[in-house]
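Some structures are shown below for you to check.
In the two complexes that follow, chain A is the common piece, with chain B as its partner first and chain C second.
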Partner chain A sequence: MATTAHNAKRLHRFDATKRLVARLQREEAVIGGIGHSNFDLWAAGHRPQNFYMLGSMGLAVPIALGVALAQPQRRVFALEGDGSLLMQLGCLATVATLRPANLAILVMDNGTYQITGGQATPAAGGADYVAIARGCGIAGAAWAADEADLERLIDNALATDGPHLIGLKLDDQGPAAQTERDPPQIRDRFMRGLGTKTSKLPG
Partner chain B sequence: MQRDTLESAPDAAADWPDQIYDLLKQHGIRQVALVPDAGHARLIRRCLADNDMQVVTLTTEEEGIAMLFGAWLGGEKGVLLMQSSGVGNCINMLSVPIAHRTPCPMIVTMRGEFGEFNPFQVPMGNATGAVLEAMGTLVKRADTPADIAPTVDATLRLAFNTFRPTATLIGQRVIGAKTFGK
Partner chain C sequence: MSQAWHEIVLEVLKANEIRLIPYVPDNVLKPLIAAIHADPFFTAFTTAREEEAVGIVAGGAMAGMRGMVLMQTSGFATLANVLASLPCAFQIPVLLMISERGTLGEFNLGQAAVWRTMRPTLEALAMPHQVITRLDECGFIADRVIRQALMTQQPAALVLSPLLTGAKASPVKAGS
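Now for the complex of A and B:
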């Protein structure tokens, strides 16, 4: 039986992010959403295929969608916080309609705007992001029951056609580090990591 | 925003939408992100019929700014089609192509500026150019059918060669201000 939101174990974001990164063996792209989602991606150990979104709250999924459409042979993960996703819930309908087989979305749900002081989101009334995703047409959306289930769901997202959406209930642990704030450098590294920007010069 | 169908559809004889389509092909555009507008209807049909173009209908124009950025990161070119009211929906997100120095070409069909009948179109229609420029976009207007193709061409070139948001505003005078239901 599928895990329900209230039965999902509250995970540590940094630990969950490290578990994701450890399972990426084929230069999969990862778009870390605004705030602590990308901070912990950064802290988990930089990869050339990591993109850290420092602004534009809510756009991690649409950015990942653009990458996924441009690079259908590469798996693309979007890490998006619950508060951020609330700003752009419609993108789940867009994703469900386009059905990019190589896109996976991880919703990091701690119920708060942690970076601004832990204020509760307007979804405190009980909005269920996995149910919302299913309602949009992402049929395989699922809550991770615990760490082992998260790894199983990530493996499934790596091995089967998507789009996939995995919901993670998080505790209130803060981020492990802060991302360096240099957007042109972040973009340049990412494009080199994807092989979409090349130069005859070294470095 | 308002989407009163057909009240601003261009004359069927006008071929500037086909000229824009040809330019999108010449520039190698692969992702066409849009919130539909009647003024773009003919261009949208051309893009939908093209198997080498991925047309993405957005829930809000903000998504399109992100999609174009993601497309560029992934090695493809995109363009955003929208109505002037949609420009107001994506202003903050123009920080993405500015901060990252990436192309973001927009083709905007204007409302609220020339013979408009809908009061809601007027505030954003009159602010569109100023607001885009305030956010660092290079804005060019086309107010005659003959101006449209060269202006769109310039907008695409500026975006892809100089890595910034650019926009062509297609004047309502060209598109035609019709009255809904007549």
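Now for the complex of A and C:
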């Protein structure tokens, strides 16, 4: 039986993020959404192909889509929180229409706005992000049943054509660290990591 | 015979390698959108919101594919937060082309009201912007604004005035 929103194990976000990062061997780009989604990406160990958002809530998937369209040979992951995705649900329809084969979306669903005090999102009535994604046309969208299943789904996203969407049910554990907030530096390093900027300045 | 504004804009986009064109449609932009879709040089598609298109162009720009978002005035009014915190803060040359509604014969009060927020918002963001009113200046302004944005790593907006595009006023007479 397929994993549903109700029987998916609640994972720790930092542990799940580390499992993703450990499987990235080919300079895959990762866009960390606003707040704790990118804090834990940062805490998992900076990679030159990481981009950490600061504001622009809801744009992790669109930014990742832009990167995926520009560099079709590179795999691109968006790490987006559930509250953030709710701000820009229409982007799932866009992704389904464009069908970028190299794009994977991880929805980090703890059901709350954790960074502002843990208030419940308006999806508390039972909105199911994987079902929404499938309804938009991302046919392979799936909830991760547990840690091993998450790793299987990430491997699948790395090895097969997407777009992919993986839903992660999370517990309420806080972030492991806080990202350094220096946007031009983040952009500069990300562009060097993607090979779109070269500089004699040490980076 | 002189070129239409949208033919000039198309040439400027191609000359500056602006390929990625996500947009929320607008009637005045229709001939430009049609020409962009007809040319395989471009990757053009609609988005659900203008914010989404700004994110896509920001991602594309960082990954080496230049882009521009097409919208109308009311769409620009949805963007202050994402412009401030993404292209302005990160210094990414996200280009906007705004079809100006709400002025010079607007018939929709909502459009007229939101039009008043456009220039103050652009100025408050300290975002470079130019209004194009004349056909003979269209190519020069569009090209220079785009080039400056790319060279200085700043977002920029091009506003297409009804003086340029001939956007139609309501055929209904006031008071009738």
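Points worth noting:
Heads up, the rule we're going with is that the second predicted complex is superposed on the first by the 199 of 203 C-alpha atoms of A that agree within 3 Å, B and C clash if a C-alpha of one lies under 4 Å from a C-alpha of the other, contacts with A are read in each partner's own complex, and residues count from 1 in each chain.
Operating definition for what follows: a contact is a pair of C-beta atoms (placed from the backbone, for glycine too) under 8 Å apart; a residue touches a chain by one contact, two chains touch by 3 or more.
Note that the structure is a prediction, hence the values are computed from the model and not measured.
After superposition on chain A, the partners chain B and chain C are seen to clash. Looking at the shared chain after the overlay, A:Gly55 reaches both chain B and chain C.
In the superposition on chain A, A:Ala5 contacts neither chain B nor chain C. In the overlay built on the shared chain, the residue A:Ala176 is in contact with neither chain B nor chain C. Once chain A of one complex is fitted onto chain A of the other, the partner contacts of A:Thr94 extend to both chain B and chain C.
In the superposition on chain A, A:Ile186 makes contact with both chain B and chain C.
For the contact definition in use here, the residues of chain A common to its chain B contact set and its chain C contact set are 29, 31, 51, 54-56, 58-59, 62-71, 88, 90-91, 93-94, 97-98, 183-184, 186-187, 190-191, 194-196. Across the complex, chain A meets chain B through its residues 29, 31, 51, 54-56, 58-59, 62-71, 88, 90-91, 93-94, 97-98, 183-184, 186-187, 190-191, 194-196. Residues 20, 43, 45-49, 51-65, 67, 81-82, 84-86, 89-92 of chain C touch chain A in their complex. The part of chain B that touches chain A in the complex is made up of residues 30-31, 54, 56-60, 62-76, 78, 92-93, 95-96, 99-102. Against chain C, the residues of chain A that register as touching in their complex are 29, 31, 51, 53-71, 74, 88-91, 93-94, 97-98, 183-184, 186-187, 190-191, 194-196.
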